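Please read the structure below before turning to the comments.
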Amino acid sequence: MRTFEEYKEKLKNMRPNIYIDGKLRSRDDALLEPGINTVGVTFDAARDPEYENLVTTTSHLTGEKINRFSHIYHSQEDLMSKQKMIRTLCGKVGGCIQRCMGCDAINALYGTTKEIDVAYGTDYHERLVKYLKYYQENDLIGNAAQTDVKGDRSKRPSEQQDPDLYLRIVEKKENGIIVSGCKAHNTIAPYADEIIAIPTRMMGKEESDWAVAFAIPADTEGVTLVCRSTSPRPRVKYDAPFTKYGACDSMTVFDNVFVPWERVFMCGETKFAGRLALAFANNHRFSYCGCKPAVTDIMMGATALVADYNGIGKEPHVVDEVAELMVTAEIVYGSGVAAAATSKKNAAGALEPNFLYSNCGRYFAGVNIYHEYEILASISGGLPATLPPENDFINEATKEYMEKYIMRNPEISAENQHKLFRFISDYSCSSMGAVYQYAGVHGGGSPIMEKIGIRSFYDIESKKNIVKYLAGIEDDEK
Amino acid sequence: MRTFEEYKEKLKNMRPNIYIDGKLRSRDDALLEPGINTVGVTFDAARDPEYENLVTTTSHLTGEKINRFSHIYHSQEDLMSKQKMIRTLCGKVGGCIQRCMGCDAINALYGTTKEIDVAYGTDYHERLVKYLKYYQENDLIGNAAQTDVKGDRSKRPSEQQDPDLYLRIVEKKENGIIVSGCKAHNTIAPYADEIIAIPTRMMGKEESDWAVAFAIPADTEGVTLVCRSTSPRPRVKYDAPFTKYGACDSMTVFDNVFVPWERVFMCGETKFAGRLALAFANNHRFSYCGCKPAVTDIMMGATALVADYNGIGKEPHVVDEVAELMVTAEIVYGSGVAAAATSKKNAAGALEPNFLYSNCGRYFAGVNIYHEYEILASISGGLPATLPPENDFINEATKEYMEKYIMRNPEISAENQHKLFRFISDYSCSSMGAVYQYAGVHGGGSPIMEKIGIRSFYDIESKKNIVKYLAGIEDDEK
Amino acid sequence: MRTFEEYKEKLKNMRPNIYIDGKLRSRDDALLEPGINTVGVTFDAARDPEYENLVTTTSHLTGEKINRFSHIYHSQEDLMSKQKMIRTLCGKVGGCIQRCMGCDAINALYGTTKEIDVAYGTDYHERLVKYLKYYQENDLIGNAAQTDVKGDRSKRPSEQQDPDLYLRIVEKKENGIIVSGCKAHNTIAPYADEIIAIPTRMMGKEESDWAVAFAIPADTEGVTLVCRSTSPRPRVKYDAPFTKYGACDSMTVFDNVFVPWERVFMCGETKFAGRLALAFANNHRFSYCGCKPAVTDIMMGATALVADYNGIGKEPHVVDEVAELMVTAEIVYGSGVAAAATSKKNAAGALEPNFLYSNCGRYFAGVNIYHEYEILASISGGLPATLPPENDFINEATKEYMEKYIMRNPEISAENQHKLFRFISDYSCSSMGAVYQYAGVHGGGSPIMEKIGIRSFYDIESKKNIVKYLAGIEDDEK
Amino acid sequence: MRTFEEYKEKLKNMRPNIYIDGKLRSRDDALLEPGINTVGVTFDAARDPEYENLVTTTSHLTGEKINRFSHIYHSQEDLMSKQKMIRTLCGKVGGCIQRCMGCDAINALYGTTKEIDVAYGTDYHERLVKYLKYYQENDLIGNAAQTDVKGDRSKRPSEQQDPDLYLRIVEKKENGIIVSGCKAHNTIAPYADEIIAIPTRMMGKEESDWAVAFAIPADTEGVTLVCRSTSPRPRVKYDAPFTKYGACDSMTVFDNVFVPWERVFMCGETKFAGRLALAFANNHRFSYCGCKPAVTDIMMGATALVADYNGIGKEPHVVDEVAELMVTAEIVYGSGVAAAATSKKNAAGALEPNFLYSNCGRYFAGVNIYHEYEILASISGGLPATLPPENDFINEATKEYMEKYIMRNPEISAENQHKLFRFISDYSCSSMGAVYQYAGVHGGGSPIMEKIGIRSFYDIESKKNIVKYLAGIEDDEK
């Protein structure tokens, strides 16, 4: 397993192909640092006795000790440990730990490649296993590039004016394929070792060019990452651990990129495009059953704490709102537990979370995220929105005023009052907080997608039959 | 295991101590029949090859085949099977299967009696085990009499003007105890073999008279059941299976009732009153994670079916509402699965569902029940409220009009249109439906009780600490 | 103005054409009595000094004193008084006062007939004015028969297999027209003097047969009313004023019914069918801005009172829920006030409520009705669902038990505790309560219809333009 | 009336007493510019023929033409015009127009000062009228400094450890008073001419030092404003009108500030502290019935437009969500209309909005604000959160990629797609957007305050009486 330092060293040596705010950047650019620090926690924790058991496990391929983020699930415990790991690590960085993306992609490919091979006699699974060994041994960071830019939402991939609006195979060559297109919303991509591309949806028979999956180094020729960096407002004096963590999302452009065959895991098998897309969605929504409760943990901790600081910690409406957050967190987490407890073995002998429950959990998180921010705002009062900047608490002319007038519960020092309100302001009344709101709705698939997922596989006919039975209805002859 | 007939035979021979609508009734009274039919399904299913595996299991005490409703959980599978059994059987009767009450009471007593014995050197657990063997061998129906009438809600048991407003020990005698009081909302009690009484809440040191648990035959001298019967509107011609099922709730009055020591399972151990109350609540809320999804199944089946009959089954808003009900059902059921998957072994070596998840599931069911009825009403249109009585569909003068004008989707016969709307009317626009709404809020503990339960055991300090860490707050010295 | 007695006398002499539960009934049948009593309140109040000013006004046609339910609005005060009258009278009968239907129909016809005349040179308005004078002088009760049975909801009137599924003109004769069809959900019809039929929707050019409006006596040859009666559970001893009020809904069948020309107010003018349908909807939704707050008044009164009786009247969650009901009532009522304050003069010089606000008010009432019942159930506890029947409070064998154990707040007598819980049970945990839930969703048009109404007339382009302006977007050239 | 230029000229000459981010700033500092531009619109519109009638009116004191923001309401039309003016102008700046604060303060003082004079024979009203003439003639901008910092929320003003935590009278002198304390969340204060201080709550008899109201120039000796500036992210190339508008909030510190008697409008009359506080709240919540609909207008315009751009403008779920926003906007606006239509004349002969409806409107806006952002996020998709910075759309290396891959509906140019998504990102996924969320909850009083306001004045007893009547309950004798 790599150290955080080794990971950063590797990044430094990659080909610069990242643009942020109009500039080409190498991977040691300050704008990437918050995201890199976040990922770093997954390396550090693997070596920290307190978290080692949670964050490492044994590879089923090599028997070696590996980071759990590179693992293929073979037991319910594997799944539950992953969920717990995510919640724990997200709590340490104040939000998304990001590394689940690669983990979810390899697990999705693991079963699907086997199924394709069974159906068509291909050897994708063997290729993938070989790749996985490399991935685990080198303790790599993978980005899952799934969401295409999608163009006109009312049209299918093959109907778009510009065929590149969904990533596609431009040419098949002897030694590999050429692909073009653009994947959006690619968190972690700018500081990932590898980009793992998979389809974003079901494909029709005529859409074999768009049924493609592969993995390539993130600095491969032809790949350009145009990015937006998200991090907490920087601090002047009153340092806070969470300010060093952040994320970076990429629009990942593939401009005639060559992928060698050994890195191609699907190539035209349209029937399995939807299966792979959903397998990733399933694993990723399961991940959300770990990370969203972590965000809610922070919300409820902040709400409870600010109520204490305001002197209203025991007020019934506060207690009730905090309990509301507990329920939200645990319904989402419990849905993940249920998904693990009823997980199903796939063709490759690995486990996949129960799609129904992973979707229910992600759905419930998605429809509640804005309300969680609302609760925090409601109990915090208006100060997070009007808190004067940090320097006004430092500058001699105003420092005393600020400390005098921020005082609430007299048992809490002015400094701690200040630190808490600044945290809440930076966390929930900020650009970063707003990004978390959007991510809470759309990351891993928006609620409407989970509803579609759920109802697609739900046996509604059996429910109609219950009613027909109870109501004494026999089917009409036709 | 008994047959349904044997059960009814036994009921017939019990001492009449049931009042409904001002009359003393024996247990073969027509007003009790719907409830008895419901319980009957649990006997019949145990002998039906299709359900036998689900509804029977092996006693850990005797090794004999027993009805699962008499079983003490010793594996996750025990718990999950119970949940599945409840959902299945509730679907067959169109609502509450009722028999879980006794099951939840004996499981609650099983661990708690052991804990009391460990603490005080008593022999309650041994008594209980002996009782359980009798209970299982005779395949009995037990009612859990928990909720006291409670008098002034702002006062504790010992503060009430009338000490009987919580069931209490009036006298301890050599061979047993004398109790007085009244337990409310006792579903199944009028046709149960046994009444199992347990405390409704925590008790203070001064409340040892109110810390009492026991089991007695339902027709014991001094016990009077004043009841209300709930069943679907009866039918004249268009029969429907669900109309034969119903329930009966009792205010169970204990007027100086003698309980022999071998049937006493708690007697003054105030410290364990709350533990027992919560253990029952936990098991019963876990049961709700099986039965409420069954009610939602009916809601969603009816909603989907009436939309088909109305010709709007594919309309986006219909599809979305039905999916909403799917999510509701599966979040509740999934919470039960999570409670089972993370169940904990108690002092007696049996399993108890994870309190956190059983409460989350019950809570979510409770806050959604009215909305479920709203969805069904919304898609059904106004007809369930204005549908002329059945005889208007029979009487020659109006029959043709009714059949002509009830037609919607022309592929569905007038008779089936009629049957479905009558079912929906009788199910959701009726006294019985309204009882289900109240029961959906309060049965097993209203949502506010689950929130109290959850937050009582929740480690909110650890969440505050996450925020303190992220915000860089060190504790104030005091 | 008529007395209640005169009204009943008239009913008694009408041709029996009412079926309920398979029997032909005359209009003094006991099943109609609760509905008739409700309407009676509008006659009595007109003669009661306390309400006279609210319930009577001066006809703009004759200058005579008339019941306000027969009035055509000519001032904002007319509109606001009507709203206030409805809220007041609904409070006296515990629900829908019903008589608004005819009022809303005549107001809708008043403007629309004028518009048709202007467009086509017809004389509908003159006919209507003549009819109105008769209507006012005789202080009549009118039912608005609007909602057709509608058959397959995915098809238009002219596309149905059976053309009668929307009321239609079968034949035009020299002295009048022949119509056939069936109008559903016709509250008040069985004890109305007159049935006023209007279209339920917009009609296309090819649907002139379905564009028809007229008024006829309710016992006209060919008219058959197949009804369902709704009333509170009857009482044995503990009388309560609200139990004598109820309602009756009719499926009103028109089987080749002759309507003389002077009673025909639209005959084929398809362009105005939608206008008339919406004009009635507008007036009727405005009425809902008066009656729904009355229902909420009862909900909040009952919730506040039962909390007092339970001893928890000052508990924060109770206070908050009651305040929630206050807000609901007043947003709905306030929307009505806004609709009145911004009402618009129509072609006939009368006022019509502002469609936007009447729809907002009715919408908000519709989406909250189930939640209101949920609040009442939540604070009441489970007793309304399990309260033993009245006779158990009378019968000597159980009376004392019941009185002993229903006690809560010791300052309230057992009798009053009993009366309140019986009221809540009969009001909210009953067939009648469930009918009110359905009516709350669908009566006057379900929330989805108000949304459609609102967005049809809303200037969304102007809102897009605000955004284009702010965002600096100039329109694409095409 | 002043011009925008005259206003800015005046600001420039005021004593610098503003700190932002640790620096003392004069009033032509760039950080104040966005706020000043916003206020400028109220000057420009008064001279713009299109808005002149809306934004100007005639002073009831002088008969002169004045800006409507300086007017005292004397007719329902005055109130409705103000509401319309606010909605219109907020639409022009993309949010809060700010100037209502002073308007609401003077209207609140107008009636209250009269009432104090009547009660105590003081001459506050005369002082105020004199001040108002000066205020109107000079077309001044006033800030209402109401919300105290409040310290420990569980304690009253007089119970705080530090008496300054509520603004208070330190000393009464012959020519005036000395005050100390700090008012928080003072929008507009840094570029206001005047600060008008009023109490934040009811005061007890012992709290006469805290019952104080006055108006002083914003640069008075002893006044220090510590501020936070909020504005949209600046643009590099793709300019958008809304980016030049913003706001600035101040913690306004009063450190032994002298106020001459002619500027003191309350001085120790504790009985009227609550009355004045609520009078301002009433007027300000009425203002919110104009400004929140303007924010919703932008939300719905953006949602509808982005749906068009995504090619899904006609999708049922989009149409429904947009309609949801229409209802929200119009319920809030309609509540304002109702408040105006039922406004009441105060002791000074001016009108005050109906407190019930102004609170209902503000409440409903407050509980919906986060949901409105959720709707916009939901329909926009994830792009507002991951949109690369503007320079990536300018830089040659990435410009083409960006324009190629942002394309959706092919009828909309890449430039307009870009502009819209940048607007939505800057508006809803930004620090400024988050400030609007907080302001939407807390500005003018959070929803919990409106509920308290409503229930304080609500006649709940009359509702209990309706239920007692219907239920046949006669009061217990005690």
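For reference, chains read A, B, C and D in written order, and residue numbers begin at 1 within each chain.
Going forward, a residue touches a chain if its C-beta (ideal position, glycine included) is under 8 Å from a C-beta of that chain, and two chains touch if they have at least 3 such contacts.
None of these values were measured; they are calculated from a predicted model.
J.: Could you tell me the least number of steps, going only between chains that touch, from chain A to chain C?
T.: The fewest steps needed to get from chain A to chain C is 1.
J.: If you tally contacting C-beta pairs, which pair wins, A-D or B-D?
T.: A-D
J.: Please tell me the distance, in whole Å, between the geometric centres of chain A and chain D computed from their C-alpha atoms.
T.: 38
J.: Could you give the separation in Å between the centres of chain B and chain D, each centre being the mean of its C-alpha atoms?
T.: Chain centres of chain B and chain D, defined by C-alpha means, are spaced 52 Å apart.
J.: For chain D, which residues are shared contacts with two or more other chains?
T.: 317, 320
J.: If we count contacts the way the header does, which residues on chain A are in touch with chain C in the complex?
T.: So the residues of chain A in touch with chain C come to 315-317, 320.
J.: Which part of chain A faces chain B closely enough to touch in the complex?
T.: Residue list for chain A touching chain B: 76, 91-92, 94, 238-242, 297-298, 300-302, 304-305, 308, 319-320, 322-324, 326-327, 330-331, 333-335, 337-342, 356-357, 360-361, 363-364, 411-413, 416, 419-420, 422-423, 427, 451-452, 454-455, 458, 460, 463-474, 476, 478.
J.: For chain B, which residues are in contact with chain C within the complex?
T.: Interface residues on chain B, with respect to chain C: 19-24, 147, 149-155, 161-162, 164-165, 182, 184-185, 224, 226-228, 230, 249-251, 253, 255, 310-312, 317, 369-371, 373-374, 377-378, 381-392, 394-395, 397-398, 401-402, 404-410, 428-431, 433-435, 437-439, 441-443, 446-448.
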